[in-house]
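Both complexes shown next keep chain A, but they swap its partner, so chain B is in the first and chain C is in the second.
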Partner chain A sequence: MEKTMTHKGVPFERLKIASFDFTCCEGCQLQLANCESSLPDFLGLLDVRNFREISSERYDDYDIALIEGSISRQDEVERLLKIRKQAKILVAYGTCACFGGVNSLKNRHPVEELIDEVYPGMAIETLPVRKISDLVEVDLFIPGCPVDKREVERIVVSLVKGSLVTLPKYPVCVECKAQLTTCLFELGEICLGPVTRAGCNAVCTSGKTPCLGCRGPAEEINMAAFLALVKERGLSLDDLHEKLAFYNAFEPFLNHEA
Partner chain B sequence: MKRDYAIAIRHLSRVEGHADIHITVKDGELVEARWAVVETPRFFEVMLKGISAERVPFLTSRICGICSISHALASIRALERAMEITPPLAAEQTRLLAMQGETLQSHALHLFFLMAPDFIGTSSVIPLMQSHPDLVRAGLQIKELGNEISSVSAGRCTHPVTLVIGGLSKAPDKQRLLQLRTMIQERKPALESACSFFSSLVMPDFSRETEFISLCNGSSYPSIGGRLISTDGVNRDENDYLLMTNEYTREFSTSKFTRLSRDSSVAGALARFNNNHALLHPKARETAEQLGLRPICHNPFMNTIAQLVECVHILEEAENLINSLLDMDLQEIKTPYAPKAGAATGAVEAPRGILYHSMETDAAGHVVKADCVIPTTQNNGNIHSDLRALARQALEEEKDDRETEKLCEMMVRSYDPCISCSVH
Partner chain C sequence: MIYKVISKKEFTGFVDALVHSNRSFGPKQVATDHRGNAVYQFQPVHSVADIAFDYSATASSAKHFFLPFREELSHFHFHGNDWEQQISYEANPVVLIGLRACDISALNILDDVLLNGHFPSPGYLARRKNSFVIGMDHLPLPDCFCKSMNHHTVTTGFNLFCSDIGDHYYLSINSSKAFNFLREFETREPNYDDNCMLVERRKLIQNGFQTDIDVTALPTILDIEFDSPVWEKWGDKCLNCGTCAMVCPSCYCYSLTESFDTNLNGASREKKLYSCNLVDFAVVAGGHNFRPKNGDRLKYRYYHQHRGFAENASQQICVGCNRCGRACLAGINPKDVINDLRMEKESCMTCVSSSPRKI
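Let's turn to the complex of A and B:
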């Protein structure tokens, strides 16, 4: 395929992109193959240099690296450092990369317990789970468990055009209200919608399932007011803790709770 | 032909997760053939300890990005059986529909994105968009349909939203079900054209007799729950899954191995077909006949064809499930429950084969003990043994190392391994 394409006469460069996965379920990479009707156009914007999950061709001359997953082994640390040296833009792609994700629940248990329970008697290497920004500088965060393909498409188009990439600053409640969904607090449930960054189109709450905060905190949230709301309604603090800890995305706010 | 060579494939491409293939030949003799999974373990069984039953399906679905619905439903089934909860019929039908969508999506991904490049001789699906546009279009249409079925029935295709303990958090929208039925009808020709492409292919001639394990309920092609059976005559209760799996570790693999009556066994589309072909929709049975797939088939390359046959079945089955949901009022979708102590197994047929979740709860409904046995784990032993047999056959047929490498890669891909899932 041609390296340079044009849109209404204006030339643009395909993004030389690579995708790498670490400790994760690979569900965020899979989203790249979703939204099938726009997939050929989407791929037309990309020069895929390295993407093991779908292609046997592997080159190391990429500009943008999508990093999926968290880090939990030394060989992953080394692989990540190498990618950081090559990539002009390193993207923490998905909740595991941005915050550690559900994998972080592992950190509540000592390493010996993990190995004894799952691989008794076997020499297995594992480290406490870390998010990507604990190890290298991250240029762009795309949160979500999984990421929302429409948001990924929007960001890729911004990168091609060289325009500013932004995420919604407001909470999930805004998107939820726009769909006239019954508030889950009214149904007696704790929902993290009021404190979580929007951009998912409130997919969980519109399915009557509480938000577990996979996109991390919205900007300028009032955690103290949120906690007061939960207490005022007499809802379970154990349930609240389980939800806030689920994706490890609210770690900096957890001290406020006491 | 070289008499000495070593094949060392690090992080095999076009499969989900990280695994290596090693083959060593000295003086024209096979010295070693190894299937080594090097994926990073995540320790889900330990993470699950202390988690409330209500939250469990949202955690276990994160075991796998491709078969998240199967994981959610295996946990839900285990916990509902442990806490003696019976979901309403509408929820059961909706769950079955969600399973159809997930399997269709997963099979389409494997058939068109992962396998088709091997048959055509390209490195990925991207060049096929130019060289085989009709095939790619058909593949995308089928994959999109699978995702749409899952979205309508489970709220989202990857990491479902509405599948909860007791039933559903929200019923599928009837208007969307109607649109979905039309979409299925409109996309049948795409699947037919894909079938004629695959019928033109010649599958590598390789067979090694083995044991095929799947669910069986005697009345419909298996999906959620049932007896555990094998082609060697094993027939057990769902709760007796440990007797089916006998997991053990190998020092070169972070993914475990299993065995039943022989050294290795197989789960997946071919296993389901071999055990349940009579329960396929007549159209799917006809497709199997046209594609040369007959039970009991021991050629692992034919797993790809069994998946295609299942796609034909799924389109018919999904249409029936939609019709039955449209006839219901969809008001009663969730059984209220009080958490309690208990233990049970939930087995489902994930796209890649039988998946077991075993859950034990305390009186408050928190998980005390969890165990998940993944289909790919149950295929590791067979992949490992097949590699040895295939490499030996390639030597006898005087294939060179490049040809052997390609053939071995393709054989492993035929199993559609889900490696990060197997190293949960």
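Let's turn to the complex of A and C:
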């Protein structure tokens, strides 16, 4: 594949990119192959150096590393540190990488109990789940369970053009209201939409499923007011806690007086 | 204006004919809330039977038919070292059924801002011209305060307005289009009794308001109360979620983003309805935020709504529908915020005024 392309006569380098999966379902990586209509254009921006889901060719001369998944084994720690050394831009890609994700449920139980349950009688080496930024410096976060391919495309284009990479700072409610969805609180449910970063186009709530906050907290959320509204409506604080803890994305807010 | 009276049965036939041959939207029940109340929205309707004529109020306004939540303003095509801009102002005709007087008032306010200003919006104009608006009166809900804002009746901005006078609708016909459509249906001139019933109906509506906000000299009070602790008090409750502006029939503030196409051969300029309550509404290049606090942002929403900005000739743009108050999870609503501000001023005057007559 040719390495240099031109845009309006100006040459630009395809992004030398690699994608690595850690503790996860690999669903976010799979999203890279989504949005078929723009897939050829999207791949045209990339020089894929290492990505086991689409190619068996593997090179170590990448600039951008997409890190998918959380870290739950010592060999993962070592692999991650090696990638950090090579990558100029390390991207925490997806909710597990950004926050720990569903995998973090593991941290609620003693390790021995977990091994007994899943791998009884086997010698398993395992660690509590950690998000990527607990171990290495992260340059860019792309949250979502899974990530939104349109957002990934937008960010990749920004990287190619050297423009500012941004995520929406406001909560999901903005996108939810634009679809005329009936507020899930009005239906008697707890929804994390008011405190969760938008960008998903309210895909869960517009399907009448409460938001579980996979994209993490919006900027400067008012958690005190959010707790107050849950209490005032007589909704279950256990349910609230369960939802906030689901992806481990609201960890910094969990000690808030509930 | 031309006035006619039509039987409800004939009116049903008229609406059905309209709906069958046009892309139409009307109030429809979309859910039942946890209190057991019906939730309505303006939704696509395909026959008159789809329309909930007896609806209370839609959760979201009809604004988005004129100001879409998201729209591409223009697309750029690059070729060689040159580029061209493609702009389209096409709007498909749409029939909107069942708008309330306050909803239509809000459209008139938007007309003022978006058509009569220095830079009229062609996209808005195209949509406004290509719409057929049928208004319907209703008895106020307990929290409606459009009478306080003087928007409980409306005389312009619609094609047809229907007042419910029992077995008939009293029609105010405000466009030749509506007049011509109605020619196919049986209507009559209003007689003495019809006129009496219309006056009765208006009285019933007028006297039905349970919520009243004293807006006398409100712009001045807002100016005086710029530094009031009331803003912080209500700001502390605000979730910064933007819901109020999204459901509002007259909030028109927006954000603009430009982005390259994935193939880099073009770019797009997109407009998104935004809210002054969103955390980065007043962020400028370099990252400085002119309104970093919740209370500041909430205050500016109230200023725009109830004091007016220069761009809309310092007119208040709130029509009193209270959609924001109903939708706000934090319980922030114009009635309580404005009353709080007034209380603040009035109690302060009795306590510390150095009036010369004071002994």
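Annotations
To be clear about the criterion, the second predicted complex is superposed on the first by the 257 of 258 C-alpha atoms of A that agree within 3 Å, B and C clash if a C-alpha of one lies under 4 Å from a C-alpha of the other, contacts with A are read in each partner's own complex, and residues count from 1 in each chain.
Operating definition for what follows: a contact is a pair of C-beta atoms (placed from the backbone, for glycine too) under 8 Å apart; a residue touches a chain by one contact, two chains touch by 3 or more.
None of these values were measured; they are calculated from a predicted model.
Once the complexes are laid over each other on chain A, chain B and chain C both fit without any clash.
By the touch criterion defined above, A:73 lies against chain B but remains apart from chain C after alignment on the C-alpha atoms of chain A.
After overlaying the two complexes on the shared chain, residue contacts for A:88 are found with neither chain B nor chain C. Of the two partner chains, neither chain B nor chain C is touched by A:241. By the document's definition of touching, of the two partners only chain B reaches A:36; chain C does not. One geometric descriptor of the composite model is the angle centred on chain A: between the Cα centres of chain B and chain C it reads 110 degrees, in steps of 10.
Minimum Cα-Cα distance between chain B and chain C in the superposed model: 11 Å.
Comparing the two complexes, no residue of chain A contacts chain B in one case and chain C in the other.
For chain A in complex with chain B, the residues that touch the partner chain are 1, 21-31, 33-34, 36-37, 39-40, 43, 48, 51-58, 72-73, 76, 101-103, 105-106, 108-109, 113-114, 117-119, 121-124, 126, 145-146, 203-204, 206-209, 212, 239, 242-243, 246. Only residues 7-9, 38, 41-42, 44-45, 153-154, 157, 160-161, 169-171, 173-174, 177-178, 180, 182-183, 185-188, 193-195, 218-222, 224-226, 228-229, 232 of chain A touch chain C when the two sit together in their complex. If you check the complex, the residues on chain B that touch chain A are 11, 13-17, 40-43, 45-47, 49, 51-52, 55, 58-59, 62-66, 68, 109, 113-114, 117, 123-126, 129-130, 136, 140-141, 143-144, 147, 155-159, 161-162, 164, 169-170, 249, 251, 254, 420-421. For chain C in complex with chain A, the touching residues are 30-31, 33-34, 39, 41-43, 59-60, 64, 69-70, 78, 80-81, 236-243, 246-247, 259-264, 273-275, 278-280, 294, 327, 329-331.
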